[in-house]
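Going in written order, the chains are labelled A, B and C, and every chain counts its residues from 1.
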Amino acid sequence: MKAKATRLVTLTVVGIALAGCAPSTGAGGNSSAAGDQGNGQGTVKMVLWPGPEGDAMSKVVAAYNAGQGQKDKVKVDMALLSRQDTFSKESTLMAAKSSQQDIYFVATYNVGQFANALDPLTSVDASNYFPVAVDGLKYQGKQFALPLDVSNHFLLYRKDLLDKLLSSKSQWPAYEAVATKAIGEKRDPKPADQWDWNDYIAMSAWFSKSANPTSPTQYGTILQAKNLLFNTMIWDDVLWGEGGSWTTPDGKANLNTPQALKAVNVYSTIYKNGWTSKDSSQAEFPETQAALKAGSAAFALQWSAGFAELNDPAKSPQVAGKIAIAPVPGQKTHVHALAVALNKYSDNKAAATKFLNYLATTDAMTAYAKAGGIPAMPSVLKANASINPAFDKIAESIDKYGYSEPVFPNTFQAYSKLAEVLSGAWVGQQDGAAALKDANDELQKLLG
Amino acid sequence: MSSTANISTRTPDQLGASRAKAADNSTGKTPGPHRSKHRRLWWTTLAVGVVAVIVNVPWFNALIVSFKSDGDISRGALALGHPTTDHYANSLGAAGYDFPRFFLNSGMIALGAVALVLLIAVPSTYAAIRLGFGGRFIMNASSALRLLPAIFFAVPYFLLMSNLGLLDTVPGLILANTFLNLPLAIILLGAGFRDVPIELEEAAQVDGASTYRILYSVLLPILAPTLVAVSVLVFIFSWNDYLFALVLSSSNATPITLGAANFVTSTGIRWGDISAATVLSTLPPVLFAVFAQRFLVSGLSAGAVKG
Amino acid sequence: MAATTASRGAAAKWVLGSPLILFAAIFVAYPVYQGIQTGFFGLSLQNPEVPFTGLSNFTTVLTDPGFLAAARFTILFALAVTALETVLGFGLALLMNRQFPGKRVFFTMLLVPIMIAPALMGVMFRLLLNGDIGLVPALLHGVGIDISLFAPDTVVPLLVLLDVLQWTPFTFLIIYAGLQSFPTDVLEAAQIDGAGWWRTLGSVVLPIMRPIIFAAVFLRLIDAIRTFDVIYVLTAGGPGTKTTTMSIYIYKTAFESGQFGMAAAASTIVMIALVPFVPLLVKRIVHPGRGAA
């Protein structure tokens, strides 16, 4: 029986090898190899992910369908998936060259990988947007997606606790002692917007019960050290803040550097000393929110979208009103744009383009901001600062400190790979230098 | 070995007779065992109860969290605060997702898959075990198939359903779940058919029954517990399917698992909402199991009422 | 075995087998063919051409230390959880195999863990075990135990424990259903004859139950080898690649790297590597205690 099974497998393998024909990928039916403009009318299908972006977009879509869409004779039909699955689903559709969806949800970090399945956009007026948002969605000189939402990081910190430390000089000698132990250098406490990464480490120690029994919080910070591509983006802030970068100016991998090692050590020092919960080896956005809300950590690097909830008394009764925003220590923050793009294999491109043009208007983006999104248009953010106190800071931060990783076909994979290779070193499971060497080799491979 | 094999393959009548004998023995040789037996039963209740509670800690936790407000959830597990039903409202549609439809889709998909799996697996496994249809190859091949990660089939199934016009339809997902669960059914039914004494079939054959009749009126009743176990598992696994649903549905055929995942958002997990959705999503399979259990337990109760 | 039944309608086997043939022809053969074939091509999102790459995907996967580490972790994990779940499931089935007060309620309760979709179960565990808002750390803290469940040293045992919590009900159900065709009086008769409980278990119950236990082991094992959702949600395979299972490796290869050809090759390798073991186990389910038929 075993022989029979083996024979069958062998036969199949040989058969395939001999056949030598490519797997068929055309998703049959009405789809053609390169899509179709269509008649410019009818239903346009779009994928987005749930959360503030999806919620805001559903209001914009409803407004469009009730207003401009009537004139355009276009109806937009939006499907939401979960955060992790949106891109998985889109990958499957793209690999199958499907025409099922007309507009895809993409981001700076995967537009390079998805570009082959997208049509470049020709009519985007870049001047309305943050330059870093528009540029991050370019691939090989062409604009592949329309910016929707911007994401960057902030230092979110307990203003009440830090202010108290800053104002009670009697505590400073104790702080200096803790700082000396933590970073080998005597330092006074500083306001949050003046921190560098050493201040971050010293403060983590100060606000941890293990280093300072009088600390009001259990841990100083919570690191997002899970093996997850989004966590590479956060660590990149540290990398840039310490003077490192992914690549050299001529595009070679550049992670095997003293700066990168310093950046890894920021994480591993905090983790190994217990100035963040040991559970932060599996932490990401939700765990960080939970720790800040529960008051178990005094500060953390967090995505801009996390702030509003932390200051909402209904959702964060213990800390609302006490959390403030500062630029990321080292004054460098990752920025990416979430965006919408046109499926190359869509059958209804003309209609989809009508809706994309609508989304590019300040009116549509104002509606988007009012419904909870963070549009990538500085003018809209400034005009609507009353909606979300973070809007001003976002506009300022992206302007002054915004930074983005290089876009190449394997960028998305590179984020994952770096998280995979480095997450062990972040939590002291592996030697930092060795992990960085591996990371550098992997990155070089992906850069091609 | 052969003697034990005989024991396991006695006919129901023989079972009844030997049961009666065992009961006689027990009353004859062990005087007054009632009280200690009674106590032992309560110990069993306690032991099983503890296990049942432990394995359900995640579910109970979800139940508690689903009634807590977002603010109370953030204050920690032991802070209860004022109960709210908001999360249930959200997971029944108030959040803007069409949850009643998700539930309906899941129900149709799971029931459809159970029916189709049984329809395919019962006759063919019988043919394989007893009539030499495909021999052991059927069993081996289905087992090998289940070794492949579901992701392997993502793109092929997308293309297949696309070509058949079954993307984003309930029948498409019924077929996909049938595919996923056939190996399980064939393996379990294979073991079940193997256990039934061939003498029973031979006797029926002598009486002039056709193969189909033997299968239908002799074997199926005997195999009822196995059929029920298979149905329960196929129902549960189809109800729980996530990856195929992700790939094959986009809005019309979205099941509850995918719908609940909407609460995993780009700005965190909506713990209360997803807990409520999880609690609700277990209710239909529980009902199915309660209904099916009558058949599972009845096989036992006849012999266990002594003492 | 077929000798006595071969005389019965040779036509019947084709009639009874036809639904499977029909289904397999469309819904099994094509996707399997398509999937295996994909492994021989450089199908990726980055490259719109789909070049024939022969065995290069296979050699790339087989020489990737990441894949080999994932294979090692997966096999050890699967063996550990299957062993634990089979023993516990069997014990539970024996315990349940009698009438006692509350039996029906508990029976249903025991099945609830497998009714929670693994994708949701992962999220529920994440909530239950969270250091700030989770019930388990809060209770442990309440009795004076402060441990970090997700620390790199405890995460693997934690994942094993969670799998056991969720899937013991599965082995229990299969074994319990099998026990129902087993005459309970044999057990009692053996006891009355003076055989001890353990001896009865070893010499009477286990031999009879062997096929069904093998079925439970086998089904659980092949599902455990494909473990994905709970681990992916909780650790995404980390820290580093410490908890990366083969399914996580393949998922990331396809969906994060966009390398569908490579992912198909990795899946095929997994299948081919494990296929030789299949007949050994199947034989024990279908023909227990007899030689190869």
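Just so we're on the same page, contacts are C-beta pairs under 8 Å (C-beta built on N, C-alpha and C of every residue); 3 or more make two chains touch, one makes a residue touch a chain.
None of the values given here were measured: they were computed from a predicted structure.
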Touch-based graph of the chains, sorted into line, ring, star, complete or other: complete
Label of the chain whose CA centroid is most distant from the centroid of chain A: B
Pair exhibiting more inter-chain C-beta contacts, A-C or A-B: A-C
Chain centre separation (chain B, chain C; CA means) in Å: 15
Whole-Å gap separating chain A and chain C, where each centre is the average of the chain's CA atoms: 34
Interchain centroid distance [CA atoms averaged], chain A/chain B, Å: 39
Where chain A touches two or more other chains, by residue: 1, 5, 24-25, 88, 92, 95, 286, 290, 293-294
Of all residues in chain B, the ones touching two or more other chains: 74, 76, 136, 140, 144, 154-155, 159, 261, 264, 269, 271
Sequence positions of chain C contacting 2 or more other chains: 34, 38, 126, 132-133, 251, 254-255, 260, 275, 278-279, 283
Residue ranges of chain A in contact with chain C within the complex: 1-2, 5-6, 9, 12-13, 16-17, 19-20, 22-25, 87-88, 91-92, 94-95, 112-114, 116-117, 225-229, 277-279, 281-282, 286-287, 290-291, 293-294, 296, 409-410, 412-413, 416, 419-421, 423-427, 429-430, 435
Chain A-facing residues of chain B, complex: 69-72, 74-76, 96-97, 135-137, 140-141, 144, 154-155, 158-159, 162-163, 165, 167-168, 246-247, 250-251, 258, 261-269, 271
List of chain A residues in touch with chain B within their complex: 1, 4-5, 24-25, 27-29, 45, 47, 49-55, 58, 77, 79-85, 88-89, 92-93, 95-96, 98, 100-101, 285-286, 289-290, 293-294, 303, 305-306, 309, 313-318
Chain A contact footprint on chain C (complex, rising order): 33-34, 36-38, 40-41, 43, 45-48, 50, 52, 54, 66, 126, 130-133, 148-152, 155, 234-242, 244, 251-252, 254-258, 260, 272, 275-276, 278-279, 283, 292
